[in-house]
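The same chain A turns up in both complexes below, where it pairs with chain B and then with chain C.
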Partner chain A sequence: MAIDVKPTRSQLIELRKKIKLSQTGYKILKMKRDGLIIEFFKILNEAKSIRQELVAKYVTASERVGIAEAVKGRTAVRSAALSRKADPDLKVGSQNIMGVVVPTIDAKSIKSRIDKRGFSMINPSIRIDEACDTFEELVETIIRAAGIETTMKKLLDEIEKTKRRVNALEFKVIPDLQEAEAFIRLRLEEMERENTFRLKRIKGKE
Partner chain B sequence: MGKFRDSAMGVLKIFDAWKKRSDAKRAGKRPKKRSAGASNFPYVVARVKAMKPSLFPRDTLAKMITMDLPQIARLVGESAYRLEIDSLALKYRGADLIEHALNLNLGRTLSKIVGWSKGELRELLEIYVSKYDGQNLKTVLRAKLYAAPAEELEWALIGAGHYEIEFWMRLYEKAGYDEILGELDKTEFGAPLREVYEETGTWDNLAPYEEAIERLYFERLAAGFTGETKAKEMARSFIGKMIDAMNLKTLFTLKNENVPAEDILKRLVIAENSIFKTEEWKKLSEVENLAACGEFLRRHSVYKYIAEGLEEALEKKSLGTLGRLLKRWARTGTGKFSYSHPLSIVPVLDFILQKQREIDNIRIIARGRELKLPEKTIAFLVWPE
Partner chain C sequence: MDISELAVCGNLDFLVGFQLAGIKKMFAVGENDRFEDKLLEAMSDKSVGILIVRDRDMRVFPPHRRKVLLDSVRPVIISIGRTDVGDLRDKIRQAIGIDLY
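Then we have the complex of A and B:
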C-alpha cells in the first residue's frame, strides 16, 4: 500500500488515537456480532417451530376446507367466504434488539366469536365453521411467522453488516493505520538521525 | 297388506273425486275446489315414482368411492345427469363440473316436480324448495358486500328454488342495497329484511339479514305443513324433527363457543310440534356448557342417536360427527315415506330427500377424490342409509 501521510509527530499522535479508537470499535463490533448471532439462534428456533406449526395448520385447514367443500359444496363455501369483508386488524409496533429495529405484530384480533363472523347462526354449517376456525388460526400463525421471519431477516442483514465491518477493521483499517504509524515512526527516527548527523557534520567543520 | 289397503283407498279416493266432478258438471256447477285449488297427488306421485329408478343404487355409490374423478364424471355423465354434464362440460372441469351438473339437475328436477303439482301440494313443495331461494339471496347479499365479480357470484348460485338464476343476477346488478330491498319488496323476503334494516340501519353486517332469511324459511315450513290427515302428520313430524335438529345444531355450535344464553335463544326457531317446549329450549340454552347440554338431553329420546357425537365433541371440540348424527336423527322414520300414504305429499318428499341425498353423496365422493381424501374419510362423510 502506498502510504500517503505526512511523517509528523502530530500525525503520529493522531494515528495512535485512531488506532486505539479502531481497536475499541473492533472489540465492540465483535461483541455486537456475537450477541446478534446468539439472538439469531434464539429466533431461529422460534422460527423453526412456528414454520412447523404453520405447515401443520395449513394441512389441517386445507383438509377441513376440503371436507367443507365436499359436504356443503364449493358453492356454499364460496358464498360463505364472501361474507367476510373486514380486513384483519393488526397492531404493528417495533422493538430494539442490539440496535436493530425489528417489527412486533399483534395478530390476536383475527379470531372472532362464531356469532360475529357475519353469517347466519340459524342453521349454521358445522363443517364451514370448522374450516373458518382453522383458517383464522392459520392466518394468525402466518402473521406471527411473518413477524418472526422479518426479525430473523433483519438480524441476518445486521450480522452480515457487522461481520463486514469487523473484518474491515481487523484486516484493513487497523493494519493500514498500524503500517502508517510504523512508517511515521521510522521516518521520524530517520529524521532524527539525519539531524544528529547533520549537527555532527556542522560541529566537525567548525 | 297395509300397503295394498292404502293403494285401494287411494284408487277409491280418485274415483270419488272423479264422480263428484262429473256430477257437478252434469248439474252445470263448477266442482268445489279448495281456495288454492285441488292437489293432484296421484299424477305427481306416479311421475315421481317413474323417476325413482334413475337414482343410483347403494352399491354404485360404494363403488364410486374407489373410482378416479374422470371415471366418476363418466359414470355420472352416463346417468340421469347426462344433459347437465354435456351442457356444462365446456365451462367447467373435474369436480366443479360434477358439482354444477348436480346442482343444475337438482334445480331442474325440483322445478319439474313443482311444475307438475297443483293446489296445496304445489304450495307445500314451493315452501320446501324455497330454501335454495334463501341460499341464493344470502349469496347475492354477500357478493354485494364483498363487491365480488359477477362470474364469482354466478359460480356460487344454485339453479334450484322458485326464482331463476337470472333473477338473482339482476338483483345483484342493482346499484345498492336500497334498490335490492325495493326489488325484494315484491317477494316474500321484502318485509322481514326491511324490518331488520329498520332495526339495524346498516348493511355492513349481514348476519341479522341472513338470520331473518333462515327464520322465514323455517317458520313457513313449520306453518305450512298443517292438517289432520295421517300423511300430513307424518310430513309434519319430519319437518318438526328437521327444525329441531337445526336448533340443536345451532345450540351445540354456539355452546361450544361459549356464546351467552340470550344470544342462543334468539336464534332458535321453535316449531309447534318440537320435541321440547319453549321453556325447555330456554333452559337448554341456559345450561353452562356442552357437557351440561349432554346431561340435559340424556333423558330425551334424541340422546341415544347423538350420544357418540356429543362424546366426540367434548373430547375433540369438533362437532362434525354430532352434526352428521343430528341429520341422521332428523331422517329417522323417513324410510316409510316411500310406501305409506301413497296418495299424499309423503312419497314426493321421499323422492326429493333421496335425490338430495344422492346429490350430496356424489358431490362428497367427487370432491373427496379431487382432494385426495382417504377412502375411509370419504366413506365416513357419505350419508348413512
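Then we have the complex of A and C:
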C-alpha cells in the first residue's frame, strides 16, 4: 500500500473526503482537457493552412525582391527600403481560454498606398512596388500566424499538463486512496468482530 | 492592449524585403556578428512583440534550444522559409496522442 495510514474511524472519514475531492477534481480536469481539445481542433486547420500560406508568400516575396534588384539594381532597392515610411504597430492583448492566457495580436496600417510609402516620385519602379506589396501581404500573414501558432503552442502545453494530472488522478491518486480506504474499512470491521467476540467470551465466562 | 513592434533579425538580404514593408526595427547580422547574440539582443528588447527570423538561421541552435526559443510568447518568434513542421507535429503527437498535422 502506497499510503501509510492508521486504521481509525477519523482517518476513514478523512480518506473518504479526500476520495470525493479527488473524484470531483478528476471530473473537472477531464472536462477541462476535453474543452481544451475542442478549442485546439477549432484552430488546427487554420494553423495548417497558414503555415503553407506563409511559406508560399515568403517564396513569392523573395522572388519579387530578387526581380526588383535585378531590374533596378541592389542599391536602388536598398535605397527604397531605407526611405520607406510607416512602421506597422501591433496591439498585443490577451484572451483567456479555459484558464490558458493566449495572446491576441491586432495590427493596423500594414498595407499602405503607393504615394504614402515615401518613395521617390521622380523615378518610380513597378518592380519595387510589387516587392513592397508582396512583403506587406507576407507581414500580414506573419502577424496572423504569430497569433495562431502561439495560441496553439500554449493550448498544447496546457492539454499535456492537464492530461498528466488526469492520468495521475485516475491511475495513481484515486486508486491509492481507495486502497487505503478499503484497508481501514476491513481493519475496522475486523476490530469490531474481535471486540464482539471478546465481549461474548467475557459474557460466557460470567 | 500593449503597443508592440515587429522586428526582423537576420542578414541584410533577408532584412531588405521587410524594410520595404515598412518594418523599422532591424537586428542586422553582419559578417562579424553571431546570429545568436543578435537574437538574444532582439529578444531582450521589451518593445518587440513579434520577431521574424529565417528558419535557416535558427538551425544553428541545437534542437532543444531551438524549441525553447520558438516556444517564446513574448516576443513571439516566427521562423519563416521552413517547409517541414516537425517541431509542431511532435508537440501535437505528444499532447493529443495521434498525428493530426
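Just so it is clear, the second predicted complex is superposed on the first by the 197 of 206 C-alpha atoms of A that agree within 3 Å, B and C clash if a C-alpha of one lies under 4 Å from a C-alpha of the other, contacts with A are read in each partner's own complex, and residues count from 1 in each chain.
Following the convention adopted for this analysis, a contact is a pair of C-beta atoms (placed from the backbone, for glycine too) under 8 Å apart; a residue touches a chain by one contact, two chains touch by 3 or more.
Not measured: the values here are computed from a predicted model.
Q: What's your read, chain B or chain C touching more residues of chain A?
A: Between chain B and chain C, C touches the greater number of residues in chain A.
Q: Per the contact definition in the header, classify A:19: touching chain B only (first), chain C only (second), both, or neither.
A: neither
Q: Of the two partner chains, chain B (first) and chain C (second), which one does A:82 touch, if any: first, second, both, or neither?
A: In the superposed model, A:82 contacts both chain B and chain C.
Q: Touching A:126, do we find chain B (first), chain C (second), both, or neither?
A: After superposition on chain A, A:126 lies in contact with chain B alone.
Q: Is A:71 touching the first partner chain B, the second partner chain C, both, or neither of them?
A: In the superposition, A:71 touches chain B alone.
Q: With the two complexes superposed on chain A, say which partner A:63 touches: chain B (first), chain C (second), both, or neither.
A: First partner only, chain B.
Q: Is A:188 in contact with chain B, with chain C, with both, or with neither (first, second, both, neither)?
A: neither
Q: Touch check for A:98: first (chain B), second (chain C), both, or neither?
A: Neither chain B nor chain C is touched by A:98.
Q: Applying the document's definition of touch, where does A:168 land relative to chain B and chain C: first, second, both, or neither?
A: neither
Q: Which residues would you name on chain A as touching chain B in one complex and chain C in the other?
A: 62, 78, 80, 82, 84-85, 117
Q: Note which residues of chain B are touching chain A in the complex, please.
A: 95-96, 99, 103, 135, 138-139, 142-143, 145-146, 148, 152, 155-158, 204-207, 210-211, 213-215, 218, 246, 249-250, 253-254, 257, 259, 263, 267-269, 318-320, 322-323, 360, 363-364, 367-368, 371, 373, 377-378, 381
Q: List the residues on chain A that touch chain B in their complex, please.
A: Chain A residues touching chain B: 62-63, 66-67, 69-71, 73-76, 78-80, 82-85, 113-124, 126-127, 129-130.
Q: Which part of chain A faces chain C closely enough to touch in the complex?
A: Residue positions touching the partner: 37, 40, 44, 47-48, 51, 54-55, 58, 61-62, 65, 77-78, 80-82, 84-93, 103-106, 110, 112, 117, 128, 131-132, 135-136, 138-139, 142-143, 145-147, 149-150, 152-154, 156-157, 159-160, 163.
Q: Taking the touch rule as given, give the residues of chain C at its contact with chain A in the complex, in rising order.
A: 1-6, 16-25, 49-50, 52, 71, 73-74, 76, 78, 80-83, 85, 88, 91-92, 94-96, 100-101
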